[in-house]
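First, the structure itself, so that you have it in front of you.
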Amino acid sequence: MSIRKPSALFLAVAVLLAGAASAQDTKSVAAPARKQASQKSQSSTIRVENVSPEIRAIRFSNPPLNFIVPETLASLNEAVKQLSKDERVKVVVVTSDVPGFFINHFDMGEFPDFLSQFADNGKPMWVDLITNLANAPFVTIASIHGRTQGGGDELALAFDLRYASKEKAVFGQPEVGVGLYPGGGSTDHLTRLVGRDRALEILLTGDDYGADTAEKFGWVTRALPEAQLDEFVAKLAARLASFDRTALATTKKQVNAMAFPPESALLASQGEFAKSLSWPGVQPRMQVFGKMYQELGPLKVESNLGHYVGEGNKQLQAQQAAKQ
Amino acid sequence: MSIRKPSALFLAVAVLLAGAASAQDTKSVAAPARKQASQKSQSSTIRVENVSPEIRAIRFSNPPLNFIVPETLASLNEAVKQLSKDERVKVVVVTSDVPGFFINHFDMGEFPDFLSQFADNGKPMWVDLITNLANAPFVTIASIHGRTQGGGDELALAFDLRYASKEKAVFGQPEVGVGLYPGGGSTDHLTRLVGRDRALEILLTGDDYGADTAEKFGWVTRALPEAQLDEFVAKLAARLASFDRTALATTKKQVNAMAFPPESALLASQGEFAKSLSWPGVQPRMQVFGKMYQELGPLKVESNLGHYVGEGNKQLQAQQAAKQ
Amino acid sequence: MSIRKPSALFLAVAVLLAGAASAQDTKSVAAPARKQASQKSQSSTIRVENVSPEIRAIRFSNPPLNFIVPETLASLNEAVKQLSKDERVKVVVVTSDVPGFFINHFDMGEFPDFLSQFADNGKPMWVDLITNLANAPFVTIASIHGRTQGGGDELALAFDLRYASKEKAVFGQPEVGVGLYPGGGSTDHLTRLVGRDRALEILLTGDDYGADTAEKFGWVTRALPEAQLDEFVAKLAARLASFDRTALATTKKQVNAMAFPPESALLASQGEFAKSLSWPGVQPRMQVFGKMYQELGPLKVESNLGHYVGEGNKQLQAQQAAKQ
C-alpha cells in the first residue's frame, strides 16, 4: 500500500493551525513536539517504570494537552519492543501523568510527519506499533483517568484491557467532525466491540461519551469510581503477574487472532486517513477550529471537544449560508 | 439464486387469511394494499419530506396496522435511490405517521407478490432495497415510536442508527411462531448485534421486546424517553448535517463493509423464507391466526403480537392433542 | 490434527492431585468417576427425563463437586445423538441435581482419559459433543443455578440459551490461573459474545463472575432471580415446544452457522489445551492447588475458585521469591 502524500494545501492549513495555537499558548499543540520527532531525548513523552520485575508502567506525558506526537509513537513502539524481549514482564499498565487527559489525539500540526514515519522494518510506524501491541507477550492495561480522543482512543482500543474512571474518563473520535477519516483502527475495533449502529454513532457524530456509556456499549472493559480505579488496576496487575507467562501470552494471542484488526485493515485505514487530508471539508474546518483555538484557548476546546466540534461545524454552516 | 415459487397451498391459505381479516375490518391487512402494488400513486405508503436541504424525512403510513406492502418496498427503494443522487442530502430520518406502529411486518396476504417483486436491475426488490440502504451516501436514522415487527424490524435493522421510545417502541420477529423462516436479514443482523444466544432467543420465541431490553441487548442504538426522542433525533440529524458529506459517507461505508450482511446472505435468507412458505407448520398456524384475527380484530392481535403468537400455538397444540 | 500425549510428568502430578483430594474426601474428585469412564451404568452422571414428548430434561449429577468426567462426555454425547433422532423433541433443558454447581470443570485427575476419548466417528469426544450440540435439531436451554466453571462453562457456552440465577450462578474459566490453556471453546465463544477485552479479562484473570456481570457482558442470555428462574425456563420451553420444529431447527442452524465456532477451531483449541499440559507453569501450580485441596477441602476451594486461584498463585510466587 502506498501512503499518499498529504496535499500542499493541507500542509499550509496544518502549519497555520499549529502556529495559531502556539501563538496563543506557547506550551501547546505542535511546537514542543515537533523538535522531539524521531529523536530520543530525556524529555520523551513516554516513560517506562519498573513496578516490579513482572509489572511495568508506561507513563505518557505531553502537557498541557497530551497530544500524541511522532516521538510518542517512536518511543512507545521502542518500549513495547524492548519489553517484549524481557521474559520477566507479564503486565504493562499504561497511564497518563497529565491531569484531564489519558492520551489525546494526534497533534494536528504533525500529520505530515506521522505519515512519513516508518519503523525499522519499513512499516508505517503507527501500524507497526499497533501490531506490536497486539502481539506483545504481556497483557496491556489502560488505566484511564481522563479524556481519550481520536488517535488516543485508537491507542486505547489497541490495548488488551481498558478501565475508565466514571467521573473523569471521556471518549471520542472527533475525526469526522473535522472532515477527516478516523483511520487509526477505530472503525475496526469499535464495529467489533459495540456493533454496527453504535460504532456509526460514535464515529459519525464525533461526540463525547462518558465512561458509563462507554462501558454500556462495550467500548471499555469496565467503568469504575475514580477513587477505586488505581487499586482495581493494581490488584488486577498483581494477580496476572503471579500467573504463568506462557498461559497468559498464548491465550492473549488466540483471542487477538480472532478479534484484533489484521495488519491489512490497519494499513488500509491509515491509507484512507492520508487520503482524507485532501478531502474538501478539511480546510474550512481547520480554519474554523484554528480560530476557535485562538479565541478560547486550546485547553478549553480540547476539554469539551465533542461540544466544540459541533459548534465549529455550526459556525461553518452559518458562514456558508451567509455566502449564498 | 432462484426464488422458489410459493406453493399453491399457501396461496390459498394466504388469500383465506387476507379475506378473513378484510371481512372483519375493511381497512385492514391486505385489501387496500393489493391495489397499490407496483403502481405509484398519490396514496403511496411512503412520503419524502424536505426538512432542510441536507436532512430529509421518510414518513411511512399504511393505517391502521402499518403493514409493509409491495408498494412500500418499491416506493422506499425509489426514494433511497433518488436521495442517493442528491448531493446535498446527508441525513435521512425514517418515521411513522401511524400511532402505535413504526413499521409492521409484511402484509401476509401479499407474500406471493413480495416474492415476485424485482428491482429494475433484476434483483429481488427487498434485497435491492436493503443493499441500497447500506450503500446510501447519507446516514439513515430510525425514530421509533411504536411496534416494529417482522419485516419492519428487518428494515429497522438495515438503517444506520435506531432510536426507540422507552414507553412505546416494541420489537419482535414473529416469523418462527407462525412456522416461517425470518428471511429478511434478521438472522444476520441480530447475531452480529446481540450475540448468538440472544439472537436465538429473539428469533425462536417470536416474542415482544420492550425498548429497554432492546437497548440492553444492543438491538437498538439507544432507548430514550418518549418525550425526548424527537428532540434527540432532530439534534443528532442537525449535527450530522453540518458535517462533511464525504467524511460521513466514507466512514459509513467502511463500517458497513465490516458488519452489514453481504448481498449473498440477504439473497440466501430470502430464498429460505420463500421455501419456508411450504413448510408443514405454516398452513395450520395461518388458519389459527386467521381465526384469531376474525374473533379479536387485527388491531388487538397486532398490538400484542408476541402474546398472541404464543396463544395461537397453544390453541393449535390443544387441537392436535384432541385429535390424537 | 494429532492430540499430543500429555507428558508423563503431568500424569504423575494429576494422579498425585487426585489421590490427595480423595484421601481427604472419599466422595470427591477423580475416584468415583474413573470407574465410570466409557461404560454406561445406572450411575451415569447424565440422566434424560421426558418432561413431555417435545421437551426433555438432561440432568447432570456428580456430587459433591459436579466435575465433568469422561463418562459425562460419552453419556451426554449419546443422549444428544439419540434425542436428535427423535422427531418429537423440540427443546432440551439442561440442569444440575447438585446444589451449588451447574456443571463444574473437568476432573483434573482425568485429563489423560479425556484426551484419549474419541467418538465412534473418530473425532475427539469433546469436539464431537460440542458439534452435535450445535447441530442438534432442538433448542438447548441451560438453567443455571450454581457454579459453572472451566469445561462446565464451555459446555454452557455451547448450549443455545443460558439463563442464570442472580443469587446462585457464578461463572469462571480458571485454566490460565493453573497454568493451562482454556481449550474447550471459551476463547472462541467469549470473544464473539463479550468482545475482545472482556474475553481477555475473563480468560486471563480466571476469576469468578456473578450472574449480573455475566448478563451485562453478554456471557449469559439473561440473569433472573433464583425464585423465578425455573418458571421462566419452563414457560420458555413450553412456548418453543408449541412451535413448528422445522422453523425452530432451520433458524437455529442458520444462526449457529454464523456464530458457532467451527469444528476446526474446536480441534485447534483442544490441541492447544493438550499441549498446555506440558507447560512449565502447570506442575508447580498443581502442587500448590493439591495442597490447598488437602488443607481446606475440595468443596471450600471449588466454591470460591476465583479467589483460591489467586491465593494459590500468590503462595507460589512467595515460594519462588523465597528460593531466590
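Lettered A, B and C in written order, each chain numbered from 1.
By our rule, contacts are C-beta pairs under 8 Å (C-beta built on N, C-alpha and C of every residue); 3 or more make two chains touch, one makes a residue touch a chain.
Note that the structure is predicted; figures quoted are calculated from it, not measured.
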Category of the chain touch graph - line, ring, star, complete, other: complete
Interface residue overlap between copies chain A and chain B, same or different (over half shared): different
Distance between chain centroids, defined by C-alpha means - chain A, chain B (Å): 39
Numbers and ranges of chain C residues touching at least 2 other chains: 192
Touching residues on chain C, where the partner in the complex is chain B: 139, 160-162, 192-193, 218, 220-222, 236, 239-248, 250-252, 254-256, 258-260
Complex interface listing, chain A residues touching chain B: 175-177, 179-182, 187-188, 191-192, 194-201, 203-207, 269, 272, 276, 279-282, 285, 310, 313-314, 316-317
